[in-house]
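Here the structure is laid out as structure tokens; the discussion comes afterwards.
A, B, C, D, E and F label the chains in the order they appear, each numbered from 1.
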Amino acid sequence: MIFIKPAYAHCDLPCGVYDPAQARIEAQSVKMILEKMQSMEGDDRIRAVVIKEQRSELAKHHLMVLWADYFKPEHLENHPDLHDKFWKAIKQAGECKHHSDVAAADKLLEMIDEIAEIFAETKKS
Amino acid sequence: MIFIKPAYAHCDLPCGVYDPAQARIEAQSVKMILEKMQSMEGDDRIRAVVIKEQRSELAKHHLMVLWADYFKPEHLENHPDLHDKFWKAIKQAGECKHHSDVAAADKLLEMIDEIAEIFAETKKS
Amino acid sequence: MIFIKPAYAHCDLPCGVYDPAQARIEAQSVKMILEKMQSMEGDDRIRAVVIKEQRSELAKHHLMVLWADYFKPEHLENHPDLHDKFWKAIKQAGECKHHSDVAAADKLLEMIDEIAEIFAETKKS
Amino acid sequence: MIFIKPAYAHCDLPCGVYDPAQARIEAQSVKMILEKMQSMEGDDRIRAVVIKEQRSELAKHHLMVLWADYFKPEHLENHPDLHDKFWKAIKQAGECKHHSDVAAADKLLEMIDEIAEIFAETKKS
Amino acid sequence: MIFIKPAYAHCDLPCGVYDPAQARIEAQSVKMILEKMQSMEGDDRIRAVVIKEQRSELAKHHLMVLWADYFKPEHLENHPDLHDKFWKAIKQAGECKHHSDVAAADKLLEMIDEIAEIFAETKKS
Amino acid sequence: MIFIKPAYAHCDLPCGVYDPAQARIEAQSVKMILEKMQSMEGDDRIRAVVIKEQRSELAKHHLMVLWADYFKPEHLENHPDLHDKFWKAIKQAGECKHHSDVAAADKLLEMIDEIAEIFAETKKS
């Protein structure tokens, strides 16, 4: 099973397990909501907007924690645009809150995948 | 990259993305804390106990959501012990709160893996 | 005063006080919101949907905690359908989120009352 | 069953159900923790202090909501010391955080019972 | 810079820093949302209502903490209407939830400023 | 009164009020806890560690929100080290969690003041 492997360990302090999958699951959820919202109205649409708000916030949160807690100064040497990539991905998660088209989530997913690739590289070395 | 694949979609309502990886990441975190706690004392140990409490609670939460929201009556036909498997895994996450040996987290991880296997089966059909 | 009696003690670990009243108060709140929502529109209706979402979630949460933390294997012997009763009640709390008729809350209240009766029985013995 | 009766309705806006039982259940939980804490040390004691902190905070929260949302200016006419009773009960819930003797919770329970009696009176008229 | 001065210290227990600025920032946020809401509709309006709900709740929370934790019996002697001022300000934060005109936030800001003035006086002596 | 002025408005979307004071109040609280912790032991010390954990997390949170939501690409042109300043300040808030000396909070306060100065500059133009 693929989903039981991605938990990498990191040695900061007590809680040292990081995984870009956490942000990605939330972003995937945002995408699904956006897809379903297209045909929703009334109370259902209210709920969709609210849940999209929460899921986008969680994506934002997981990205922030990964950026602030996992990455170390030495990672920045090989990836000088790391800060900017995170900043833009986090802003994109914010965009998902106030947009109603699926493209906003697709862009977020791409940005998270780029970050996930950098994360994977740091794990190899 | 394996960690960008496990986000499965489910068609309940707005937020229909489920993944046992969420519970597993938290359980893995509990395990790491327990390993490090063995040599900790004073303020560090207080922090470790507190963070272990939070991570166990999150593992519990993700298991509860998976059980209550993802699984449907038809899944129970093929897996009549599903309720009991979840109940015991959730109780085991509680055990991780008031135990200080790594074995408690190992047992939790095994139980989550069993649930993840059932989850994967339901995705195939 | 009746409302100062229902707090039963249970001997698990530190926080061992359980009471189905917690889930019931939230379900009662969901019912009231549904009743008032019938004549609401605009911003008021948005608020009603949002608060109903939160209260249903709290009902779900209290049911999950009662099921996972209070009940023990010996209770299952006398109540073999306990898991299923909780599963369905928790799912019904979810139904209250995406329904706009009072009947959804009435059904939830009935299900909580059944669970409360089982809870009361376990207290007698 | 007594515990399914105490949910009174109140007609403020969407979520209009109030019940002093919510604060009392948390205070009862604080008392149980304090009783068990007397013989606890090490990691168990850390957990007890943390959970006592959370339960006291919840007692505080439920008291604040009851005071701010349920009570109306007309109630103050018959109960001019209402503000002070709540203020002192909320402060007592704070005391439960930084005390380790059961008496702190007993005093809180008494104060909540007094408030519950006033609440019951307002329901009669 | 003015915004780095307002953090006053208070000597209750561990977390003893209080500042009416916390409630005021949230109230200011509520006001901005109300101003922008006037021309919003559809999904944007749903979001505005939801965020206004959260910000009003935070204003309420910060007022409650200030009232319950910072103020002491000796402050009441000089300000016998302190309880009532807080009660009404907290209720006004609630009003901001179910009103759509900016005046509701203006009134809340005035009430917080009055409380802030009392707070400042207690700091002088 | 100085503390009623620092709420600046920003025109992003509904909730557009930002203020570095929010992070600073929490950092100030962390400092006070660290000062008092020096002479604390037993249950009091457990509480201090727990509350320090929460307040540091809030400082972290407010810094993250300010960085991700308030600052825009044009601000980066004048302050090319903005990302790095925030990253280090957020990491320092994390350091406050696992350090027991006041110097950790003093350093955090300095870093927040630097950020506050940049923030103030962006308000002038």
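Simple rule for what comes next: a contact is a pair of C-beta atoms (placed from the backbone, for glycine too) under 8 Å apart; a residue touches a chain by one contact, two chains touch by 3 or more.
These numbers come from a predicted model, not from an experiment.
Looking at chain E and chain F, the chains in contact with each of them are A, D.
Rotation relating chain D to chain F, from a C-alpha superposition: 120°, rounded in steps of 5. Chain centres were defined as the mean of their Cα atoms; on that basis the chain farthest from chain A turns out to be D. Chain pairs B-D and A-B differ in how many C-beta pairs they share in contact, with the greater number at A-B. When the contact pairs of C-E are set against those of A-B, A-C or E-F, over half line up by residue number only for A-C. Centre-to-centre spacing of chain A and chain E amounts to 33 Å, using the average Cα coordinate of each chain. Here the spacing of chain D and chain E, counted between their Cα centres, is 23 Å.
For chain C, the set of residues touching two or more other chains reads 13, 44, 46-47, 50, 97-98. Pairwise, the chains that touch each other are A-B, A-C, A-E, A-F, B-C, B-D, B-F, C-D, C-E, D-E, D-F, E-F.
Listed in rising order, the residues of chain A touching chain C in the complex are 43-44, 46-47, 50. Contacts from chain D toward chain C in the complex involve residues 1-7, 9, 13-17, 19-22, 24-25, 28-29, 32-33, 36-37, 44, 47-48, 51-52, 55, 112-113, 116-117, 120. Residue ranges of chain D in contact with chain F, taken from their complex: 45-46, 49-50, 53, 97-98, 100.
Those residues of chain E whose C-beta lies close enough to touch chain D in the complex are 13, 60, 64, 67-69, 83-84, 87, 90-91, 94, 97-98.
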